[in-house]
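Next up, some structures in structure tokens.
Here chain A shows up in two complexes: once beside chain B, once beside chain C.
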Partner chain A sequence: MKLDTSIYLLDWLFILKGAGITLFLCLNAMVFGSILGLIIGTMRTSKLSILKYISGAYIYIIRGTPLLMQLFLVYYGLPVFFRIIVSAYTTALVGLTVYAAAYLAEIVKAGLQSVDKGQKDAAKALGMTSWQEFRSIVLPQALKVIVPPAFGFFIALIKDSSLVAIIGFIELTRSSRMVISRTYQPFTIYLGVAVIYFVICYGLSIISQKYFKANRQDIPKASQPWKTVAIKVS
Partner chain B sequence: MGYKIIFSQITPYLPAFLKGLEISIIISLIGMLIGSFIGVFAASGRTSSVYIVNKLVNIYVEIFRNTPLLIQMYLLYFGLAQFDIQISSFISATLALTLNVGAYTAVIFQTGLNAVHKEQREAAYAMGMTSFQTFRYVILPQAFRIVIPPLTNQFISVFLFSSVASTISVRELTYITMNVESITMRTFEVFIITAALYLIVTTVISLLSSIYERSYKY
Partner chain C sequence: MVDRNLILLELKNINKSFGNLHVLNDVSMTVVQGKVVAIIGPSGSGKTTLLRCVNALESIDSGEIVIENKRVNPKSRNVHELREKVGFIFQAFNLFAHLTTLENIMLAQRIVKKRSVKEARERAFSLLRKVGLEDKANYYPSQLSGGQQQRVAIARALAMDPKLLLMDEITSALDPELVSEVLDVVIQLAKDGMTMIIVTHEMGFARNVASRIIFMDNGRIIEQGEPNKIFNNPEQERTRDFLNKVLNHK
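Up next, the complex of A and B:
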């Protein structure tokens, strides 16, 4: 008997479905990561030193260890420490959210610090509470600085999310491995997967270039990619 | 919770951890050194006026910047096997990392070269320097100072992403971690050691860079 090792259209559709799942996972991780990152980034600029140290330690640890190790820790750690068994999707989402939060917190921090001190003084002079000052004066101006590098991080997250295939979540990379295990044509399939990743990431980067070019002038140094990825040792 | 932390079962494996760390560092050092070398050439290719060179270099940079490192390693390690080309896991991991670094550093070096003012070049020419002298003594030293912080970041991220090599069974730190974890089942202790080792190296890299940067201030 001869094994059928040809690649069918259905195989590619299966892989494309994986691409959809990758995007869905990354969007969710980005949403949760942004919320967490906003909180941690704000803590980082807080006047309370304990909040500052906790958030600083979080950012330092997550950005100083590889994503793969963090994913393994969530994968093996959740059942061992908390005696809960969660789905592969939850594991992947938790891992990516924790990872994204640390990087986004650094971007948020840089954004908040880019707002001129005079703005805060003016808000105080108008009699705003510190929440009002943060909500309607600092945050809107900071967001303008935060969004472009955060979008850049989203593109990087899509590429990094290929690592969740290793802990068994069936997304783009994992689904391609499943097709390969039947067809034995790794080069063809992985090339196709690379093309899919390329189309997504390059497309998004072109969108970001077009959309964020207009207000590039008023983006200060904080949004330069290497400034936001820098690990600060203080 | 009910999880007791016991380190005694891990201690026999400590040399294995260090051996793994050594391989991680070797992979990332090779990747970073050869990759930066490629990056300098690619950066000058991206600013080249020869259309074909410019296009080819741009295609290389965009392809490697917009696909995951994992897929690049899989393509080299598993993919080439389809054509009966077998390369060892260590070489395919290092090769993928090197090409990846080349693409990323190309952009970094390009920014660095662009950041040097045009007047500097003109002044050098006015002094009668050849174009090589201008590049070597005027442009490069200034560009180098600008690219040190982003290059450091690149090095840190290369070191962290060298962990991806464990997926094609290179015996580096993450691979060793998973092995020791499955032998001893001491999840927490194993990960504490690995995290500490990774943190130490990344901290040392950024410390060295900040010391170097400070010595360069004028």
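Up next, the complex of A and C:
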């Protein structure tokens, strides 16, 4: 009997479904990673040295070890230490979240530190509490600095997430390997998968460029008279 | 001696060091309700630190700050009460960069004073009218000139209904031709009876607006008194020396 090694539409649809799962996984990891990263990044700028050291240790350990090791440790560690058996999806999500939080915490820290000290003085002088100062003055200004690189990290995370294929979670990379194992056409499939990754990442970076350009000034165009002047002059 | 009930702020033997640097050395002074005190002196003499201590933006090492007969404890929650009573105008304006003029003036009214949107808005507009910037309500700080930003900062501080305004070299960061528009606002405030402590290098302005001048050097109050006395007939050699340098530079 001759082996059927041709690639069918259904194979590509299966791979595309994997792409959807990759996006879903990364989106979730980004949401949880952002929450955790915001907390850890804020701890990093705290005046309390214990918070500073705990958050610092977290950031350095996670950033100083390969994502693959972290995924293995979550995969083999959770059942051993916590006596729970979790799905491949949960393992992948926990692993990527832990990883994303460390990088996002550094971005958050830099963002918080970029806010001018005078802004905080002014908030205090008006009688705001520390929380009001953080919530209404520091965070909104820091977010403008945080969001663009955080979005850049999101794009990188989508590429890095291909590693979770190794622990058996069926996302874009893993699903393509399953198709390859039947069709024996690795080059064509991997090329297709690379194109899919590229389309996702490039698409996202286009969106981010447009969005952040529009938001950079935060000022409606009509109220920027000097801009019109500048255009007329040139 | 003034009536004790008229004393709004009293500083008793304030000491403050940054590491080995003794920035405030046993500083004592009183500010009477409705009066303007101007603090003059060379850079690094502790004028700004003194103002920041009054508003608890810096902690003091020893001494007492008494406002309206209430002792301020920098570690307790009454710091916020103090800051509601005492407004601060900064050299670098420090308007909230992400908020419009109107929002800058409304924010603390809303979240600190818990005023309604309508009330906060009306107050903001009446203050903008006062500083002559009603038409700039929807501009962001970066769209305003330095003088305009400083006038907004004054309006923002006034919106909290302070009993005392602290002004820290509020015209030092301005282009020379913008200085007068800010000083005019301050002069108007003085006429309205606002109590103020003004740290300034504008000697003519200090002389006109203040009822008392304090000369500081090296963290100490060297001499204080009425403007005429300090400017025409200072007792201390150091004061004379300083005034000669700043007044005769032409």
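To be clear about the criterion, the second predicted complex is superposed on the first by the 212 of 234 C-alpha atoms of A that agree within 3 Å, B and C clash if a C-alpha of one lies under 4 Å from a C-alpha of the other, contacts with A are read in each partner's own complex, and residues count from 1 in each chain.
The rule we apply is simple: contacts are C-beta pairs under 8 Å (C-beta built on N, C-alpha and C of every residue); 3 or more make two chains touch, one makes a residue touch a chain.
Remember, it's a predicted structure, so these values are computed and weren't measured experimentally.
Participant: Once both complexes are superposed via chain A, do chain B and chain C end up clashing or fitting?
Facilitator: Chain B and chain C fit side by side in the superposed model.
Participant: For A:F72, is the partner it touches chain B (first), chain C (second), both, or none of the two (neither)?
Facilitator: first
Participant: According to the stated criteria, A:A122 is in contact with first (chain B), second (chain C), both, or neither; which is it?
Facilitator: Second partner only, chain C.
Participant: So in the superposed three-chain picture, is A:K17 touching just chain B, just chain C, both, or none of them (first/second/both/neither)?
Facilitator: A:K17 contacts neither chain B nor chain C.
Participant: After superposition on the shared chain, which partner residues are touched by A:F82: those of chain B (first), chain C (second), both, or neither?
Facilitator: So A:F82 only meets chain B here.
Participant: Counting residues of chain A in contact, which comes out ahead: chain B or chain C?
Facilitator: Of chain B and chain C, more residues of chain A lie in contact with B.
Participant: With both complexes overlaid on chain A, does A:F187 touch chain B (first), chain C (second), both or neither?
Facilitator: first
Participant: Between chain B (first) and chain C (second), which does A:P140 come into contact with in this model arrangement: first, second, both, or neither?
Facilitator: second
Participant: Determine, under the contact definition given at the top, whether A:K52 touches first (chain B), second (chain C), both, or neither.
Facilitator: A:K52 contacts neither chain B nor chain C.
Participant: Chain B and chain C, closest CA-CA distance after overlay, in Å?
Facilitator: It comes out at 26 Å between the closest C-alpha atoms.
Participant: Mind sorting out which residues of chain A both chain B and chain C touch, each in its own complex?
Facilitator: Residues common to the chain A contacts of chain C and of chain B do not exist here, since the sets are disjoint.
Participant: Going by the contact rule set out above, which residues of chain C touch chain A in the complex?
Facilitator: 55-57, 80-81, 83-84, 86-88, 90, 92, 94-98, 107-108, 111-112, 138-140, 142-143, 153, 156-157, 160
Participant: Which of the residues in chain B come into contact with chain A in the complex?
Facilitator: 1, 3, 62-63, 65-72, 74-75, 78-83, 108, 149-150, 152-153, 156-157, 160-164, 166-167, 174, 177-178, 181, 187-188, 191, 194-195, 198-199, 202-203, 206-207, 210
Participant: Name, in rising order, each residue of chain A that touches chain C in their complex.
Facilitator: 116, 118-119, 121-129, 132, 136-137, 140-141, 144, 218-219, 223-224
Participant: If you look only at chain A, which of its residues touch chain B in the complex?
Facilitator: Spelled out, the residues of chain A in touch with chain B are 60-61, 63-69, 72-73, 76-77, 80-82, 155, 159-160, 162-163, 165-166, 173, 180, 184-188, 190-191, 193-194, 197-198, 201-202, 205, 225-227, 229-233.
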